[in-house]
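Next, two complexes with chain A in common: one pairs it with chain B, the other with chain C.
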Partner chain A sequence: MVFYTSLIWEYMKNYIKTKLTYRADFWVEVLSDLLFQATNLIFILVIFQHTDSLGGWSEAEVVFVYGYFMIPYGIFMSFINLWGFSERYIVKGEMDRVLTRPAHSLFQVILENIDPPSIIGSFVGAVILGICWVQLDIPFGIVELLVLIVMVIGSVMIYTGVYTALTAISFFSDAPTGILPLMFNIQGYGRYPITIYNRLIQVVLTWIAPFAFVGVYPASYFLDQEITKSFALLTPVMGIVFLTGGILFWNYGVRKYRGAGS
Partner chain B sequence: MFSAYLDFIRIRFLMMLAYRVNYYSGILIYTLNIGVYYFTWQAIYGSQQTLGGFTADQMTTYVAVSWMARAFYFNNLDREIANDIRDGSVAIQFIRPYNYVFVKMMQGLGEGLFRLLLFMGPGMIIACILFPVKLPTDPAAWTAFLFMLLMSFLINSQINIFTGLLSFFVENNEGMMRMKRVLVDLFSGVIVPISLFPGWLSGIMKFLPFQAITFLPSSVFTGRIQGTGIWQVLGIQLLWFTILILPIFLMWRSARHRLFVQGG
Partner chain C sequence: MLAIDVKDLRKEFNVQKNREGVKGAMLDLFRREYTKVRAVKDISFQIPKGEICGYIGENGAGKSTTIKMLTGILVPTSGDIRVNGFVPYQEREKFVRGIGVVFGQRSQLWWDIGVIESFQLLRKVYRVPEAEFKKRLDELVERLQLQDLLNRPVRKLSLGQRMRCELVASLLHNPSIVFLDEPTIGLDIVVKTEIREFLKQMNQRYETTILLTTHDLQDIEALCSRVIMLDDGRIIYDGGLDELKAKWGKGREVHFQFAAPFQLEQLQFLTAGLEVAWSIENEYTAKVWIPLEVNVSDVLSRVVGTTEITDIKIIETNTDDIVREIYKSGSAEESKLHLLGEEKVSNV
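Coming up: the complex of A and B.
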């Protein structure tokens, strides 16, 4: 454990050194990331100029879900940044270097790619959540705080599990499968009231690509929306299931991995 | 000389064709996006007849054609140019007997042709099967739309080239390029039609080129703009195309005097 903690520290120091070379662009990147996320918020704000409810949800409730979503999403984006994995580790053969070291391979790959500025999105999300919390007049106490933390951890675990499993596909095939961009597109839809979609999309967002557990389900625990409240408490369970599955699949992939021969 | 440029279209088209499998999942993603926005708009319309001048049926068509048009005009010319500048290969481009900016535009056209035939075309057919999309019946609307689609492509590519050339002047262009992508998606009307923006914002949009990329052609396609109105929006597109030539030309000219290769 001490070993892993010291590794985190060393990687952080390295990260800061590389970032300082291009420090002027740091804020531009943070801003563009936030703007990217803001498109959906703007969509929500614009449509509520023309309607009072979206499938029975008020504006404050939908924005509440949105704010909640930003918290696990920011944490996930800071720590699990595996987009270029196939290209960098499989095609260019860097995985061989990782595997010769004593720390767990997934841990090393994650630390080599951390992107701490994304966490700013979590803070923005927390502020949005706080504003809606007050607007909706939801009671706030130690129980709510604890539930919120458990929900966020569950959501991050789901995210991590899904993307770890998808990244591990690269161990079997180095051709781009197109699944990652597909997932990246689906994930945002867990932010809207899920009941407006048809049955097929609902099933996909609940059980197959369970991004509803990163947005609408856990957030509805705090709201007066009976339909999805029962699902809210499933969030940590789904988190454990998907994270375990993801890591097991990663380990299986590492065992099957033979190197690209470069 | 001109045939050399045509070859760039051909080569890029063939190159894209070799990697066509990568784009099959793209059709799925775009169809999914259309589906999600379709259901969201259905929920928004509820009992209302029109929003921002669109009926519910027109909105379905608008969403489908806007996303599929994006499948056609989207390209990464900004990224390609930024990479050429950063790794220094743009220096080689300078000494070759062609205009680098034209070559990029031609490569973009090659990619666009591929995207039109293998991405937007099939995608549109799938969208028509899955969702109640109403295709225009007026042949004039079709002709105007196809021409406007070409203009969308040109204007979007101009904006991309402009953003890419910024790499001559800033060391790390990554943030700018990402910001541009968001701005184009948001302000071109793919995500929300511009007529639904609050008054002050849609007022500003009238003076920016982004509406010419999606909002205007899709408005023609859905039949929201008809008759002489078509000539007017076509004029707006042509105007922006002409205006945007100037900054690209000026940037390209001054860039040659201050090329700075980072470790190339």
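Coming up: the complex of A and C.
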């Protein structure tokens, strides 16, 4: 564990060394990230100009969920960036290099693609969450803070598990699959009150692609929403289950890795 | 002690068959057909510790696939591998700490950061203690003269400079076995020589076992006491380079330049009784082909004593020719027959 933590720091240092030389690039990335989030937020605000409640949820509550969502999402985006995996590691064969090094292959791949600017989204999310927290007059103490941290960790684990498993599909098929963008779209649904969807979508968002655990479920722990509150505490459990599953599937995939070219 | 022990190693790949045309593509969409391609066909070999072994064969013979199985990148379809006492793919992370790998076609270093930073990162990954790392790095840097390159980003290095850095990168953790996949590809003769010298010295000093694949037989001649030759996934030769030359070398050719014009019959008369074949280029120069069973000195003594000669050149069949012959025929055994057949022809 100490070993892996020190590696994170080493890779971070190198990231900073390479990326900070292109300062403009860095700010453009931060800015486009934030703009992307802003459009989503504006969408929520527009909806609430037409209605007072969405499935029994007030504007402040929905924005609260959104603010919560941004925190794990920002962490996930800055640490787990597997978009180019198939292209770079499978097709170009860089997995060969990774596999000749004495650290877990997934960990190495993650570290090589680290993207810290995205973390700024988390801070913005925390600010939004804080504003709504005050508006909704939710009590805040050490217990709430700890629960929030556990929830965020659980949510990040779910994301990581799901995307690790999906990325590991590349080990079996050379062709890039369209499933990643699809997932990316689905994950947006987790930000809204789950009760507004029909039964099937609820099941999918809870058990299959459990993106409701990266948004509405954990956030509702702090809100007055009885239906979903009971699910909130499942967040860390689902996190452990999905992350373990994702890593196991990855390990299985590595054994099926075929290498590229000569 | 054995560094590498391989028994009945086999690797099969499922290769997708693409049917022709649009109709075929549609069919592929629903039911894919695969063909099994056997890249490595039940090979066995053992390499003792401290040996430099050359692994040669044509493109697609299965060299890289074998290396990838030996380094734990690929999982074999069947067979046993033991490298350094480990089964590579089973305890991969522990195993790779004791080996070094260089793929000539692919960089092991980080493209954007300075060379020294790549080395530092590798130090962390391999958990080499600082003091040991420093000592080792100093030694390697001095030996390969990298002092000026250390702070440059890898993408700004020339191929030769990069390859020397790659070598250092693979050796920082002092591995007991080093796998080199075409380490001299694309390099100029100076760098090639330097790298060969370096590898040789390292082998003598640290008893590092080296397995290298190459298309440049000069590498083999300079370094390897042993060659394993692969063709179509099978080992067709495993043994010393000298034996290979002795066994399958075609013989020698001696070129004579005479002071005065001569006749073919004269020369044939001189060497009567010896199984040699003469051919003439022009009035003053002639070539004689001498099979291995006949001593060159016997022929020389008969010719030199009776004719005035201005120049003599003895030409040995070089390894390239031998290997080319063997590749062409696909088996070292068959090729022997083939060469013998040719000898007979030239003797007539």
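Operating definition for what follows: the second predicted complex is superposed on the first by the 259 of 262 C-alpha atoms of A that agree within 3 Å, B and C clash if a C-alpha of one lies under 4 Å from a C-alpha of the other, contacts with A are read in each partner's own complex, and residues count from 1 in each chain.
What we mean here is this: contacts are C-beta pairs under 8 Å (C-beta built on N, C-alpha and C of every residue); 3 or more make two chains touch, one makes a residue touch a chain.
If you're wondering where the values come from, they're calculated on a predicted model, not measured in any experiment.
K.L.:
So in the superposed three-chain picture, is A:Thr18 touching just chain B, just chain C, both, or none of them (first/second/both/neither)?
P.N.:
Touch partner of A:Thr18: chain C, not chain B.
K.L.:
Thinking of the overlay built on chain A, is A:Thr100 touched by chain B (first), by chain C (second), by both, or by neither?
P.N.:
Touch status of A:Thr100: second partner only.
K.L.:
For chain A, which side has the bigger count of touched residues, chain B or chain C?
P.N.:
Tallying touched residues of chain A, the top partner is B.
K.L.:
Between chain B (first) and chain C (second), which, if any, makes contact with A:Glu10: first, second, both or neither?
P.N.:
second
K.L.:
Just to be sure I read the superposition right, which of the two partners does A:Trp83 touch: chain B = first, chain C = second, or both, or neither?
P.N.:
neither
K.L.:
A:Ser32 in the overlay: touching chain B, chain C, both, or neither? Say first, second, both or neither.
P.N.:
A:Ser32 contacts chain B only, not chain C.
K.L.:
With the touch criterion stated at the top, can you tell me which chain A residues are shared between the chain B interface and the chain C interface?
P.N.:
Chain A residues touching both partners: none found.
K.L.:
In the complex of these two chains, what residues of chain A are touching chain B?
P.N.:
Residues of chain A touching chain B: 22, 24-25, 28-29, 31-33, 35-36, 38-39, 42-43, 46-47, 49-51, 54-55, 175-179, 181-182, 185-186, 189, 192-193, 196-198, 201.
K.L.:
What residues of chain C sit close enough to touch chain A in their complex?
P.N.:
13, 59, 64-65, 68, 71-75, 89, 92-94, 96-97, 99, 101, 103, 105-108, 110, 112-113, 117, 120-121, 124-127
K.L.:
Can you check the complex and tell me which residues of chain A touch chain C?
P.N.:
Listed in rising order, the residues are 3, 6-7, 10-11, 14, 17-18, 93-97, 99-104, 255-259, 261-262.
K.L.:
Across the complex, what residues on chain B touch chain A?
P.N.:
Residues 21-22, 24-26, 28-29, 32-33, 35-36, 39-40, 42-44, 46, 48, 51-52, 170-172, 174-176, 178-179, 181-183, 185-186, 191-192, 196-198 of chain B touch chain A in their complex.
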